[in-house]
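In what follows, structures are represented as structure tokens.
Here subunit A shows up in two complexes: once beside subunit B, once beside subunit C.
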Partner chain A sequence: MASEKLNVIDNLQNLDVLQMDRRTFMKAVAALGASGFVARYGTSLAKAMEFSKTKVVWLHGAECTGCSISALNAYNPEFADALEKLNISLEYHETILAQQGLFVDGKLVNTSELNGEILLDELANEGGYILVVEGSIPNGPDNTGKACILGGHPFKDIVEKTARKADAIVAIGTCASYGGITTTNCDTKEYCDFQGMSFTETTPGGILKILGIDKPCINIPGCPAHPDWFFLTVAALILGKLDLNNIGAALDQYGRPKPFYPPESTIHDNCPRRGYYDRGILDKEIAQGGCLWKLGCKAPYAHSDCALRKWNNGLSLCMQAGGPCLACVEPTFPNASMPFFEESEKTEILFGANIGHVALFAIGVAVVAAGVHAVRRMKKE
Partner chain B sequence: MTENVMRYDWIGRWTHTFHAIAMLVLIFTGLVIYFRWDIMSMHNARTLHMVSVPVLILTNWFLVPYGIIVQGYAEGGVKGIITHFYNNYIFNSRDAKHLSQAIKNFFGKGEYPKFTIYDKGKGHYITRLHPLFKIFIVLEGISIFLIFLTGIVLYDVNWSIFGLPIAQWITTIFGWFAPFLNLSSLSFIRWVHLALTYFFIFELICHALILQFAPKPFNYWKTIFITGKEDFNNPVVQVIDSSKDEA
Partner chain C sequence: MVKVTVDPLTRIEGHTRITAEVDSNGTIQYAQSGGLLFRGFERMLQGKDPRDSALFVQRICGVCPISHGLTSVNALDHLYGVAESVPQNALAVRNFIQAANMVASHATHIYVLWGPDLSNPRYRDVLTAPEMGLGEVGKNVWSEMVGRFTPLSYKMDGKAIPPGVSYMNALTAKRRCQEALAPFAGKMPHVAILYPGGVTCNPGLGEITKAAATYLKILDFVKDHVLGVDLDVWIENTMKAKSPDAAVNFVVEHLSGLISKADGKFTKENGFKDVEFFATFGSELVGERLLGLPVSLRLDKLGNYNDPSKIQFLSYGAYYKRGQDGYTPESADWERFVTSAITKGDLSREPFDSSKITESIACAFYTDDVQSRHPYNGTTVPVADHNLINFEGDVTSKYSWMKAPRYNGIPAEVGPLARMLAAQDPLIMGLAKTFQTYGMSPASVYMRVLGRMQEVARLAYMLPEWLFDIDPEKPFATSIDFNAAKDAQAIGLWEAPRGALGHWITTDSKGKVSNYQAIVPTTWNLSPRDENGIPGPAEQGLVGNAISGIDNVLGADNTNPISIMHVGRSYDPCVACAIHTVDITGKNAPREYRLL
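Here is the complex of A and B:
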């Protein structure tokens, strides 16, 4: 995989970014990463973007804002540079922009300059933007969506209003993509009925289906999402390298862009600790330096390019830093990843027993029963 | 004087031999890989594991049906194949009766059933296997199929043949059931592979120990793997003569 990546980079040396077909473009961005991509194609990008401005509306639902922070942590290009390079106008972002709702006698006052709610209404009326949704969308209790209220409105209604007029939707982070942390099995999950945009856990549909909205939606899961995955997907959208009429072709079965979440490999395939796994050096305790499989590493079940792209400006990744992968990019996160520090095969199946316990019991019973059976027969004969 | 008859022809004996060797190697190397036992290198364990897969598959999916067809045809042409298969491998009402006798006998009531029936008049067996093994055969067949499917994905999540993304299809199908165990599709596939390994150990113990604890166990091993001949004095064998009955 790593050598394949080098070949791709080599082949892309002299290609014109604007002439690239869709497949090559996505391959290029995946292989180069945001910094490599901007360094190599920055000039042609600037030329391409000169006259076209893309509006982005960024909403926050049930979430921790970690994905915004991750995007703000982008290093090369930095968040503001990326917006500038792609000629993006970030029209609305609840946690970065300062507008607040101003009310007098219960009525919204002032203009969109100072009042976020009026701004959002105006934007929604105009349409023609990319809608970025961060955080899941509560549909409960009882389909009211009132489990998450913003400025007096259920978040579900805000999503409905803005999604209808959007050109495309990007769900950033696992919460917006599939429900993520908010769908951790508990009573709150049932009560609030958290939904992802186009999926809820592994089930397609999500809030868009509930609202009856049919819009192309791209999932960029991760807890948080990697800034490269987000910016490069948006770049592809802006440059028309993602065909909105046939978006499914570029996405995997869970709506993720295949170049960043390759269905054909798992993170484990490219892990820096893979050599230890192959030699059977499996750590039993944290910080022994070997493979983290027995400490609950879920990378063998997770599809993303984390191990090639790495995090914090390509410095490190979860396993490199000593922590097992939690498969945070998967629609089954976090339920299927828990307990985080136990291997999946130890999942409880019966009264706290795992498959190993059940097997041991069954084998014990078989040995005793076979023995008794044989002794009886020998006595008779 | 002991009277012998051929219980397993060469196909039957080779099938047993290859099946047993492949199964034992697969279970052992599988456990070495899973538990990372320090007995052999991972590379060797994986190589042995992968080499044993085609042996088991060829034995089960080709040698076994071939043996059934050849023997059935010899017993009665095309119809004979169906009757042979039904009588020898499908758990039927006679087996249910035998199994209930065996259970009663286990708790000290009644005789142990003579579950193997040889028809002197027709010159072949009517049924051979222990009724419990007939149940195991079905479970084993399903298990081998499932462990093969899950093994494909563990071998390569992207495995395809003639452009058909087989591994991805398997992953998708297992993904429908994975949430019942609160697992993701790939971890469920790995879990099933492990669970079936344990099932094979369980089955092996039932199979081998029941034979091993019987009187003169070596006779069984000799019949299964070497001579193929069965002694009619074996207390679980019942010899009938349909030609006399008909007369």
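Here is the complex of A and C:
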């Protein structure tokens, strides 16, 4: 366990070309000692600079483009800087690149410089890229995958074509990771049969298993995914710090990189409103500034470093702005998180992922609440 | 006739396709836009707690989540009976985050989605070919276009072209717009704070200061890249101009002054920031006829409407009235900063009335005993015979998953141009009337993009006003009564960056959602034909266009249909809002769908 933890920190430590944030830096320094850190820092930086080109193919399925927009919110470095520093060549991305599908009388025309369909074929033939998938993948209706068609091809087929030749696969966002919002319980759910890449909700397998592709997939869930989680993971891949042959060591049981989605702690642990919780100031109305537990906050069930890393250049966080955590990084999002504004103990669904934590937290609430009540009683008397 | 298809039409949100039939002269004679995909958000909300919807529906679109969230929270305010009492503080926060996101979305559209087409090799050919005789002027214009607007990973003739300067800086500005709103909203995309009766945040001076500091950085981008005159001066002479003529004269004289000093070099240093550059070279009327330049991109001749009686411009209105608590769900004429209104094809104006909205299923893959319904009564039953589901179908058949929304039976364009016309922005209305006077269509690719730019300027001007409306000492929410939401119905009307957005919600006796309906901007703009055979706005806008743009000056090239790219993208389509659950086989078809 200890060595595994060190590996994770080791991975983080080598991401210094991305100007790691202070906390990560301190963590790495603490683990390695200052001199060890400096020695590695130098080597790794030099290595990164001479890194050969890494191709990225980015697909969009049943999605809202929010994860692309979030990636474009990357700061320190910014999106384009990150690509340049890591020598990433973004070969295909429907929202960003120049290409589109072009047909004259039903036949593909022009070249891959303007025609995205030709470009994607060329890329899939060549192989050797990191495949990034945004959005879930419909397997329905009737296993045809025709619920999402692009350029005349079911999206599922496009995933198959590109996944087979990929060096590594990254699912960005909760939809691509687990199905996310597209797997909300409703009467069209089975019909469309939305799948994540390597999981569907909490069940391992996903579209890769259906397609018979035995490759690991790194999940970067979140609705949307935080740009740091994505770029630091891709950086780790490029720097060779995520061993694809033994990737399990760096990932949790739902395929998430442990440094960003720590199995041993939840968002609640570092919530800026944690002090109010500890003092039993549990808001029942919005915009009061206290703990949001009674307003449905799911942070005690959610594993990510949101509360430390924060969002949009480290400026804020859902709970900081008074919004309850929706546990959007969990494979059970959104079904286990709804109703969003109901206290979790009142909902009948438990998060499959974290039953242990649920129990622990419930006990914690009871103890704290009892303590607070005791104090109040004492004061009255 | 040659059939030219763009599928998928990329650099939009989501995926769609456009098909055009092109004659031997390279003129589009006929066009269809097909919505291929849909997801089923409204089904997902059925049986759920209505309060969830304002957070849930943001996941419809990661580019304009705040618009979906606010439209939904407007419906929730109405549903819980608190619309008239939402504290003005909450309305100020909502105004500010909406405006910041609208600027972010417009920057994304202008520079990342629409702009890259200006680096299309066709323009290089036209501007630099010896037979065009444009000499240094042509070369300079091309070098500005490719130097400003080239996207990431771009190649021409096998050679990598570095991304454009404006493009790169716009990425930063877009990020900063989101950082300006994040201190209030928690995070972006998908904000955390929307709740009936107000907002969940209670920001202090710290949050306001952070937002203000970020805003100043955004203004630097406007100053360095977007606008060659001071923002206040621009607003004074356009948005606040005494008359439409005065606004047009101001801009034409400004451009004319720049040209006289430019010595054929249309650089940013010479004052041709992106607005000036586009305003000059985007239009034949402005650039060639009024300013006397030898060349333009003639984008004023793409995306025109040939019959003013078959088109109108619709705005529901947005940005709550300042200085008071509460608002009316259906905003009155001139009440809001962006007012509700209908502008007819001839540019006459009338107040908006939501009861006049219908949706037709004549060319959409649904069945019903009537062809058109109001959204409160809308049904969505897919056709039973899967052979009818054919995207290659013609006007006599069904060919899209999108229904055809109509206002008073006529198609409507929605978006920044429609909003600028509704608000009677002197510059945009003045230009529209100028085009009309010269016998040209007031609507075009040029006007849509310029309308979007002008809206950015107006919002950039207003952002600090809304920011300082926020008073940390006053409340940010009012309480709601859950009983009010039982057996009720409510309407939310608002504006997304790409146009009018409406949500209609109905609840059951337990106060759970029984029906949730939405009509999104792209359904208006990219709608198919209706039961009277009238094509949707984009379908009308493509007919008559030269397939290769600039009047096919170097001949028609069907393999590079630049006019379809320009026109399709000029509406800033958001088909991510359209849902990804197409019933292809007709088997096991869900009984009801609603296209978002």
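Criterion: the second predicted complex is superposed on the first by the 298 of 381 C-alpha atoms of A that agree within 3 Å, B and C clash if a C-alpha of one lies under 4 Å from a C-alpha of the other, contacts with A are read in each partner's own complex, and residues count from 1 in each chain.
Throughout what follows, a contact is a pair of C-beta atoms (placed from the backbone, for glycine too) under 8 Å apart; a residue touches a chain by one contact, two chains touch by 3 or more.
Treat the numbers as computed from the prediction; the structure is a model and nothing was measured.
**Q** Going by the contact rule set out at the top, does A:R309 touch subunit B (first), subunit C (second), both, or neither?
**A** neither
**Q** Could you look at A:D278 and tell me whether it touches subunit B, subunit C, both or neither (first, second, both, neither)?
**A** Once the two structures are laid over each other on A, A:D278 reaches subunit B alone.
**Q** Is A:T266 contacted by the first partner subunit B, the second partner subunit C, both or neither?
**A** A:T266 sits against subunit B, while subunit C stays out of touch.
**Q** After lining up the shared chain so the two structures overlap, which partner does A:S70 touch, if you call subunit B first and subunit C second: first, second, both or neither?
**A** second
**Q** So in the superposed three-chain picture, is A:E201 touching just subunit B, just subunit C, both, or none of them (first/second/both/neither)?
**A** A:E201 sits against subunit B, while subunit C stays out of touch.
**Q** Which chain makes contact with more of the residues of subunit A, subunit B or else subunit C?
**A** C
**Q** Where on subunit A do the contacts from subunit B and from subunit C line up?
**A** 185
**Q** Could you please specify the touching residues of subunit A with respect to subunit B in the complex?
**A** 185, 201-202, 253, 263-266, 278-280, 282, 298, 300-301, 327, 330, 332, 335-337, 344-345, 347, 349, 355-356, 358-359, 362-363, 366-367, 369-378, 380-381
**Q** Going by the contact rule at the top, pick out the subunit C residues touching subunit A in the complex.
**A** The touching residues are 2-15, 17, 36-37, 39-40, 43-44, 46, 48-49, 51-52, 55-56, 59-63, 65, 90, 108, 112-113, 116, 119-121, 151-158, 163, 168, 171-172, 174-175, 178-179, 182-193, 195, 197-203, 210, 475-477, 479, 558-561, 565, 576, 580-585, 587-591, 593.
**Q** What residues on subunit B touch subunit A, complex-wise?
**A** Contact set of subunit B toward subunit A: 34, 36, 38, 41-43, 105-106, 108, 112, 157-158, 168, 172, 175, 178-179, 181-187, 190-191, 194-195, 198-199, 201-202, 205-206, 209-210, 212-215, 235.
**Q** Would you tell me which residues of subunit A are touching subunit C in their complex?
**A** Spelled out, the residues of subunit A in touch with subunit C are 60-70, 72-75, 78-80, 83, 89-91, 93-106, 109-110, 113-114, 116, 135, 138, 141-142, 144, 146-152, 180-182, 184-188, 191-192, 223-224, 285-289, 295, 311-313, 315-324, 326, 328, 334, 338-342.
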